[in-house]
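Paired with subunit B in one complex and with subunit C in the other, subunit A is shared by the two complexes that follow.
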Partner chain A sequence: MSTLTLRQAPPERLDFLNINPLALSRLSQGEVERLEIGTTRTGVRLGDCFSVSLDKSDTLTIEGGHERLDRVGASLSEGAIRVTGDVGQRLGAGMAGGSLTITGNAGPYAASGATGGTITIAGDAGDYAGGAVYAAKVGLDGATLIIRGNAGAHLGDRMRRGTILAGRAGAMAGSRMIAGTLAALAVGDHPGLGMRRGTLVLGAHGRMAATFVETGAHDLVFLRLLSKALRGLSPEHADLLAKPLRRYSGDLATIAKGEIWVAA
Partner chain B sequence: MSDLSLNGIPVVDTFAEAFDVAGTAIIVTNDTAKWAMIAATTMTGFATSVIGCGAEAGIDAELSPEETPDGRPGVRILLFGFEPNGLKEQLIKRVGQCILTCPGTACYAGVEGPTKIKLGGAIRYFGDGFAVAKRLPDATGKERRYWRIPVMDGEFLCEDSVRAVDGAVGGGNLLFLGRTHAETLKVAEVAVEAAKAVPGAILPFPGGIVRSGSKVGGRTKGMMASTNDAYCPTLKGRAGSALPAECGVVLEIVIDALTSQGVSDSMRAGLHAATEIGGKHGLIAVTAGNYGGNLGRHHYHLRDLIARDDAKLEG
Partner chain C sequence: MAAWVKGGATDAGTAIGAAASLLARARAPVIAGLSADVAAIRAAYDLAGRIGASVDTAGSAGTYADLASLSRVGALTSTPAEAVGRADVVLVVGAAPWQAPLLKRLIDAKPTRGRAAGSDRLVLAVGANATASLSWPAEGGLVEAVGVVRAYARGHLAGDDIPGQIAARLIAGQYGVLLYDPAELGEAGIEMLQGLAMELSEVTRCFTLAVGGVGQDRAVVPVSAWLTGQAPRSGFGRRVPEHDPWRFDAARQVAAGEVDAVLWLGAVPVARPDWLSRVPSVALVADGEAQAAEVVIGVGQPGRDHGGVLWNEQRAALTYWPASAPSDLPSAASVLGALRERLVRGQAAPRSEAAC
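Coming up: the complex of A and B.
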């Protein structure tokens, strides 16, 4: 297991796009320490902030996270990255495979555009987790995002595929959703606003938009499959499906193929 | 008649000639085993011969809730056709008319294989634009795509595509030469039970038994197949009859399986079961049907099936 240990708080925002187990395994100790990770003209290098210990394995641990560490695990395709502490924005953006585990909190746009792999945040996530960045067509696109703590607003905005699980989430969870599955124990106002397709499973919610219509309670085979799929990720979320559920269909302002299941 | 015997019953030293076919399996589930079986029985009706029915189909096994993707009772159905396109057409028609229509059913792929057959992805058009697709991982973590089609009892859930296997074989057979109809039917029934217990094998004819064995072509122009006159007891004594004087009835079992080994195992099980009780029921001999060995690639020699397993061949 290779390890990067934070020696001091970063002097500026750092870009970890190119820091992953596969890339590090091809480089020498000196080359790794000289990797540029700064985002200003000062030219901060990895060795300036971190102690580096390499073993060519497919696992990388970042000891001592910080909210200035941006794009950690972005474009990761294989292997595992574990961060002890917080990370900044765009955690795992565009990730295609492997696993990413954060013991602290994550900034906004976590897992944006991620097509594969599993991202687990033990703490809280900022706004637009699993959501689309500015001008992007899609948010989460096939990966699995698990937020054990709370998520901000617009969780899963424009997500197209994959699964998001969260504890509590802010307003507009699943907004503009294209497809996929989002489950949360509680969300704020207007869940699923503008969603086209996709499934929201909610323990509780704030105000529901007027463009959703209740279709009643249904015992569908699909819910059995979804429950099985969720149980391996989070029994707490799978248990939502064991309760009596009310189903809302919408958003009727779009093609209205989305659905929101609410535990009674 | 033969220098081979099993359990004291003569076994003709010949072979069953079988063919490469396209084969697939689906799993149909329902809230109760009763309704899963109703759906499966309906879908596998009129599927005895690929020549006349477009497909050969049968029920492979009843599945417990632990064995199905959605945790409900289910049935595994096997379907065979001449080639993948014909199989696809039959599969869509039969699922569309018999599974989609049955209250409470859901439909899943029942076998892995190299050839993809779009099933839910074709039937979804019944949903008139209201159907939605969903990708979910199965028990092994593999992502599977399902279509959810709104119907009047809720939703019909159907897997997007199923798979056709390579190496499926159709046409394994055994012929039982007996004295009376009732006694020979009893022997054939026992053989059917043993043969269909082999996983991945079905016997598509009524009750697994066919009384109208056929030969290729006929005296009437245009006939693809006609009665197997050599084994018709009312034609005994004529040139070409293969029946001994004491034979009064011949019944055949036909076997299709997803693998050649499945046909072999199923024929072996049927042969042994039939001969074990054959002495009590007037079984005269067991033989097999073939076309001289020139039409089908798979030849199952009864000599090889007398041994309990492939490793112990004896004559």
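Coming up: the complex of A and C.
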């Protein structure tokens, strides 16, 4: 297991786009320490801020995270990255495979555009987790995002595929959703606003927009299958589906093929 | 020329020298505001590129609400002149557009061109307690309200309550205009409003029109596009322009302690943000006052002290404004040019020195 140990707080935001197990396995100790990760005109090299220990394995541990570590695990295609601590924006953005585990909190846009793999955040996530960055057509696009703590506003904004599980989430969870599945124990106002298709499973919610209509309580085979699929990821989310569920259909402002299941 | 360093009046050369040394020491400088004529905006981007600064504008909240929606769903837009000349139905979304001078012009005159020429102009309101033909306060917030009107326009909701009547009037109109303030409505609301305009355009003509921008943001957007190929919030720390609206949000950067010098460009007067006083700063402002920043350099206001190309709200275009009261105050572009000369000679610290 290769390890990067943070020696002190970074003086500027760092870009970890090119720091992944596969890339590091092909480089020598000196080459890794000289990798440019700074974002200002002064710049920072990996060895300036981190102690580097390499073993060419497909697992990388970052000991001591920081909210200035941007794009950790972005575009990861294989292997595993574990961070003990916080990370900054765009955690696992565009990730295609492998696994990412964060023991602390993540900044905004976690898992944006991720097409595969599993991202687990033990703490909280910022706004737009599983959401789309500026000018991107989609947010989460096939990966699995698990947020054990709370998520900010716009969780799963424009998500197109994949699964998001979160504890509490802010306003506009699942806004402008294109497709996919999002489950949260509680969300703020206006869940699913502007959603076209997709499924939201909610334990509780704030104000429901007038463009969602209640379509009654249903007992569908699909819900039992979904519960079974979620149980391996998070039993408490799977339990939401065991309760009687009210179904809302919307958003009527769009093509209205989305659904929100609310545990009664 | 009015110039101050740490509150004490001084001459131009000393102030520019102090500003240059403040910027030269900085690891992550920011050039913010950008409320100026096109020449000064160009000079600001040139300086940013040479010193590795990032750029943000005075009205970026509204600008990015508009741009983010535009980048995803496009936009159906009109101009003030077209709205005044052709619109027979105007939907005012939110409270802010009621402060715009354009609204008075719309209320005071009838359409004079196109299919609706000579007919009465109907003014509808959503999200404000306004005196309009139909007014819907919309307690659920503006985004939801626009969504409800859109659902009626699509035929997904039916009935003759107020939002239903508003949708019916818009459908019956010959030329509809949806008036909004981008900062008030936000990205999600603007996207919903563009969707409404697109639904209505299936059966009639309907366009959106943004009012109430801050500073010269509307000038900065095309200038940054032609200089960098990107929207305003770009950073040059890694030599190439990188666009990241979250990372280069100046207020966020200051709050997170990532910035160590700010150059505020306010040649066209605009409110200065609170965070400016929390970081070493240089201000190039037309309404110069000693306490505005650590280093303050008074510059001419384009269109008053000297000529300049500015955003013309009425024509919805960049136009040249000659000096209405010429003075010997330097232009912001010339001060930024002088700063660039000093900084290029002094060369900033090279990248990749040991940093931690």
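Simple rule for what comes next: the second predicted complex is superposed on the first by the 264 of 264 C-alpha atoms of A that agree within 3 Å, B and C clash if a C-alpha of one lies under 4 Å from a C-alpha of the other, contacts with A are read in each partner's own complex, and residues count from 1 in each chain.
Here, a contact is a pair of C-beta atoms (placed from the backbone, for glycine too) under 8 Å apart; a residue touches a chain by one contact, two chains touch by 3 or more.
This structure is a prediction, so every number in the text was calculated from the model and none was measured.
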Superposed partners subunit B and subunit C on subunit A - clash or fit: fit
Contacts of A:Val221 with subunit B and subunit C, given as first, second, both or neither: first
Touched partner set for A:Arg197, first subunit B, second subunit C, both or neither: first
Subunit B versus subunit C as contact partner of A:Arg13, first or second or both or neither: second
Touching partner for A:Ala264 - first (subunit B), second (subunit C), both, neither: neither
First (subunit B), second (subunit C), both or neither touched by A:Arg161: first
Touching partner for A:Val44 - first (subunit B), second (subunit C), both, neither: second
Angle, in degrees and to the nearest 10, that opens at subunit A between the C-alpha centres of subunit B and subunit C: 130
More subunit A residues in contact [subunit B versus subunit C]: C
Subunit B versus subunit C as contact partner of A:Ala229, first or second or both or neither: first
Shortest span in Å between Cα atoms of subunit B and of subunit C, once chain A is used as the common reference: 14
Common interface positions of subunit A, toward subunit B and toward subunit C: none
Contact footprint of subunit A on subunit C as seen in their complex: 27-28, 51-52, 64, 67-68, 71-72, 140-141, 143-144, 146-148, 150-151, 154, 156-157, 188, 191-192, 195-196, 231, 235-238, 243-247, 256, 258, 348-349, 351-356
Subunit A - residues contacting subunit B, complex: 161, 179, 181, 197, 199, 218-222, 224-226, 228-229, 232, 257
Touching residues (chain side subunit A, partner subunit C) in the complex: 7-8, 10-13, 36, 38-45, 48-49, 67-68, 70, 89, 108-109, 132-135, 137, 158, 172, 175-176, 189-190, 193-194, 207, 209-211, 251-254, 256
In the complex with subunit A, residue positions of subunit B that touch it: 29, 69-72, 106, 130, 132-137, 139, 146, 148, 154-155, 157
